[in-house]
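Two complexes, one shared chain (chain A), two partners (chain B, chain C).
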Partner chain A sequence: MAALGAWRVLRPGRRWFSETVPGAPLPPGGPLYPPVVASITAKSKAAKSRRLQRFNQRVHAAATVEEKLRLYGKLQRPKYTVYPQTFALNADRWYRSFTRTVLVPGMPPRGAAAKPPVGAAGATLEAGKSQEPGAEAPAAPEAPGDAEAPGAAAGAVPSVDIGELRSLTCDALLQESFYQNKKRPFLYRDQDHTPGPFLTQLVSTLAASLSGRNPLLAASSLDLSPEVNYYWHHGEEVVVHGHRKGRVDPVRFQIDDNPHLQIRVPKQLPEVVPLESDLGDVPVIDHKPSKLPLFKKQYENKVFIGSKVADPCCYGHTQFHLLPDKLKRERFIRNRLEDQIEVVYRSNGIASLFAWTAAQAMYQGFWSEADVTRPFVSQAVVTDGKYFAFFCYQLNTLALSAETVRNNPRKNICWGTDSKPLYDVVEDGNVKGFNDEVLIQLVHFLLNRPKEL
Partner chain B sequence: YPLFQRGGPQLRIFRPNFFMLAVRPGVPQPEDTVQFRVSMEMTKVDIRNYLERIYNVPVAAVRTRIQYGANNKRNHRNQRVKKPDYKVAYVQLGQGQTFQFPNLFPEKEQDEETRSFDDFRDKYMEKEKQKQEGDPRRGGVPDWFGL
Partner chain C sequence: VFPGVRQAQWLTKTKLVEGLPPAVQGIVDNPALGLQELEERARHVVSHARLWDTTEVAPRREKYCPVLFENLIHICRLMSGKYPALSKRMLARNCRIAATWERESILLQVRGLSGVLMNSMTPIPPVASKEEILATTEHVLETFYPIAPTIDLQEVNVYKELNDTGQCFKDGYPYSHPHTLFFLESANVRTDRFRPEQLRAKMLMFAFGNALAKARLLHGNDPKVLEQPVVVQSIGTDGQLFQFMVFQLNTTDLVSNDGVKNLVWIDSDRNLYERAQCVPEVKKGVVTKPAGISGFQPDTFKKFLALYLHGTV
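Moving on, here comes the complex of A and B:
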């Protein structure tokens, strides 16, 4: 008793040795002695699990989301920094195994009532989206002619004029690359010179013109180069060297991403498939992540979607990523690595979208011990100025740590397309070889909204 | 020798000590990664050119590191003996190729004679050991101890 009193003086407020208050009156008719449980401070597995349970209870009992995030990322240890835009070979397979994601090629099939019909090309679109360029080309010249679809269903929503949007796109492209007098780009700054401003201009004009059709866009918030961070545990490893050598630790990851543009909305996008659906397999890689190569660093464990928790636009809609000069197509072709071009797009889509959707889920109070009860859906467009690849991500589970992933049947799903060019070449004030499919897919992405609106 | 300029005749031949030794990785590596010990003066570009031009091996990526050889052992004169430093290269193969370091010492099948000879030898060694130990009922006590 004297020892307990002395400890209380030394460390006020923290009683490590027992959870019962000494001297408190016992409940009548109840047990005479406190329950026999494992120690908290011993160097044993039972003590470690008891400490983990106390930590989990503390996080569950936290009053606000900010407090939960603060406790979740409080302990700093060396962790792997996962870069969405990476030159590592076959990075998308590794990233899928870290984030428990299934990659489904092509875009998810959309219901006919979920989106408004798009001009006279609406019927061909519903039939086989982005798979028949032949069907699009004859349909596209008709679209500028008739703004209203004569035979389109759901006539309450006015259809979208593709010709007007195409002219907006070409205007933005020509302004950035032809009309405006720019000096030569600095070394390795090609992407910031032309494709960067073009993408910003394109997205802001398209979002502004489509906000009439999509009330969600009207209430959205467009961020310019925001920061998106996420920190999570997945799997276990033994500490190799240091004063903690020999102990079993969770493998920690952190994604710090800077998308070029981001649209955040106040309402959640609808789920694409039910929460427990299984559309494929997650690749299992037995090797350590450092073989990818992936490197460890210790710094702040940040979870951020682009705005703080109190912001009303707390759900994500679309992200736009610009690939840097280090990952240009020409460089891969020169080094004879043609198959890695698509890997770059896919790894960027999967990693960035996983970080964004998981951070959105954490902002709603879910975490690895309290798994999500509804799926979180977001979209992304990865481009290098000319080639566009579209991704849609559905987050079904956040429980990726070693204890929770054992009995977790759910997998996250990512739909992705291959990269397609928006235009062939810009010459003498004309845009040659404009591809309408890419523009239509972009418009679909921007018009995506919950069913109630 | 005249000073060399680009496009001129190459009159001197350099023969650097470039060697590559394929080794078994100490920690398991991914299937497309091969581990080499290379000469300390070789760079990643040199390693890529060596493999591609001499052996026609498609190389996707090369990463190198220098392993420091320890200087802790001491010889009979208490001088420190250094283990030599060497450079390790991890080469990722292109075009989806994989590589598994072969087992250089496979288990050989023993024929009838060697097997029976091994059995006979083991039995003989057991009998000899029994003779040396003495009576097990005495519990390890030597036989000169007693009345």
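Moving on, here comes the complex of A and C:
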């Protein structure tokens, strides 16, 4: 009925099919018709991208950070739960591919950021080779930013009395393992009996005695067993079964972490290398994450650094993780998996620090569509009570979702050491074989602060 | 049945003095310590414990009471940047205390998990002067005739008279002097928590137990008047209300009712803040109670810090 249709269109004042308000004034010289955009509700790729754009605009336009976080995690769908402390084989490669992280062995040289960019490239090349943490201390005199006292000689940071700190450490160790009469440890809860309290005592006394040197520590907040959560999208997959079968969905991940101890500070730690540095390659894994094994669950999408957005101490300084009994060294050795021991420490460091730094960045208003404009740096110490491994993480990018990662040249960087023992054995009220290097590295970590302080 | 402190006083042969001793009050009033600046931090710390520490809307008492305590201790410990002697302290959690003594032919024993104990390498100097100690000889202990003083105590057949906090720590422990005991009433349900009066009595009994064990370790098991009185402090809280106590053990001669008595200074029922509102209360579209901590009392925090610093500063 073409004539009838034409008559309907020609009738003035009746708009059946267009979206404009009848009688709206036309802009002079502007377009006569409203922009032709995709529908919002249709089952088409264009409609899907329009819905995604509207969602992104809503989040961009959110007034407060709490509102942004609420909108970001509003839609609940099944997601992979990533556990930082895991027995999965080669988990650190998988975690690096999920979080787009480059692993650099050894610790970053102190004061590398203070050097001009050319020097920084040289320093980061040094970091690329394996470096003992103890060898950091002789390298410290070359770094201009680390001038505790001019002409620092070999070994310790000179203005800190290492002997004093060593005696504090030994006292904490002896109290927990020898002097205090405790009942026998509960079955499979050895870590709560001695290493847990020892770590708490050690960190609290060291942080207190070093607070004179580091004003950032004096304004810090110490959390015992806090919760750290982060939710993100990375990659795409096709929904396998259910009423949404066949649709292309982002792969969702959630980390729910419980560090043993963490220190939060009101000012951010300085960047280690510039934002756009490229220090290595991110592993690419062709398999689905469920092969790791990782399992899907649907629950609340939480983003949390340890306290709510209103807290002034909103940046992270150092986390301390205690490995549970399930991941003891003896178990791996018994099952002939010695090379996986270091993997446990590395995967814990990478996953926990990524979650923490990314949550800190979200608390400042950045998210995957609004990438970070400054790098977020945090540190972590992973230990099982005797062996300590140190990690430093720099978050350069939050843009990991399928649309944003295509053109994203930035990578996150994690520096990490192998695990080293702090002491050999505790016998009869004496600590035998105390290793000063580990203590010095711990002191370096606690003394880390922004340049202006 | 009774105000528990009166009963505890009779059992431990103690005279009560209201308020904190002048030595501690002196630390509170000392301007050189910079307690004013810490007030802001204390406010943040209370907000953190009561408002910000959880992914839920409001944390429960089991969570916020220990967190508040840890945060306050963290602020106190950070003072060791200024006073290095403060680092000669060590916290011990879950230590068991046991002490036995006789009062007028009744054998009494204190046993149990005494919360968190802070030990130090150096003892706290005596708080009361010699004259005050001698003056307690005239003080008559309040009796509860015709009610026996051991009412509400559990009668138990004790086969081993356990006697020292050496049960808690082995010999040679460098931090050998008990400094302060902390009691956290953190049960969620109100009936599981001690009421303030009972909490004070519990604090007194445990402080006495620790002091007695230490005195017996230093001076032997014979009952006598101590040349160097042993001082142990105690702080109890339920997350909002604080009870402060300083106990000085002057004598281990507890069988008779005469002679020198022990002394205890109690500062009770100090609120750290009035209320902590997690979500603003809105009635008929008007905000009646804004979110946040209201009625913060800096004096309570200053007393907490003063008790921590006592003995070193």
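Everything below uses one rule, namely that the second predicted complex is superposed on the first by the 377 of 453 C-alpha atoms of A that agree within 3 Å, B and C clash if a C-alpha of one lies under 4 Å from a C-alpha of the other, contacts with A are read in each partner's own complex, and residues count from 1 in each chain.
Heads up, the rule we're going with is that a contact is a pair of C-beta atoms (placed from the backbone, for glycine too) under 8 Å apart; a residue touches a chain by one contact, two chains touch by 3 or more.
If you're wondering where the values come from, they're calculated on a predicted model, not measured in any experiment.
**Student:** Going by the contact rule set out at the top, does A:V248 touch chain B (first), chain C (second), both, or neither?
**Tutor:** Touch partners of A:V248: none, neither chain B nor chain C.
**Student:** Tell me the contact category for A:I333 with respect to chain B and chain C: first, second, both or neither.
**Tutor:** Touch status of A:I333: no partner.
**Student:** In the overlaid three-chain picture, which partner chain does A:G429 touch, first (chain B) or second (chain C), both, or neither?
**Tutor:** A:G429 sits against chain C, while chain B stays out of touch.
**Student:** With both structures superposed, pick whichever of chain B and chain C touches the larger number of chain A residues.
**Tutor:** Of chain B and chain C, C contacts more residues of chain A.
**Student:** A:G212 in the overlay: touching chain B, chain C, both, or neither? Say first, second, both or neither.
**Tutor:** Only chain C is touched by A:G212; chain B is not.
**Student:** Classify the contacts of A:A46 with the two partner chains as first (chain B alone), second (chain C alone), both, or neither.
**Tutor:** So A:A46 meets neither chain B nor chain C here.
**Student:** Taking the superposition on A as described, I'd like to know which of chain B and chain C A:V238 touches: first, second, both or neither.
**Tutor:** A:V238 sits against neither chain B nor chain C.
**Student:** Could you look at A:Q175 and tell me whether it touches chain B, chain C, both or neither (first, second, both, neither)?
**Tutor:** In the superposition, A:Q175 contacts chain C only.
**Student:** Using the touch definition up top, name the residues of chain A that touch chain B in the complex.
**Tutor:** Residue positions touching the partner: 89-90, 285-288, 291, 293, 336-337, 339-340.
**Student:** Give every residue of chain B touching chain A within the complex, in rising order.
**Tutor:** Contacts found on chain B: 27-30, 32-33, 58, 60-61, 63, 92, 94, 96.
**Student:** Can you tell me which positions in chain C touch chain A when the two form their complex?
**Tutor:** Touch residues, chain C against chain A: 41, 44-45, 47-48, 51-55, 66-67, 70-71, 74, 77-78, 80-82, 84, 86-87, 90-96, 167-170, 172-175.
**Student:** Spell out the residues on chain A that touch chain C in their complex, using ranges where they run on.
**Tutor:** Against chain C, the touching part of chain A is residues 164, 168, 171-172, 175, 178-182, 197, 201, 204-205, 207-213, 217-219, 221-224, 226-227, 229, 302, 304, 307-308, 310-313, 429.
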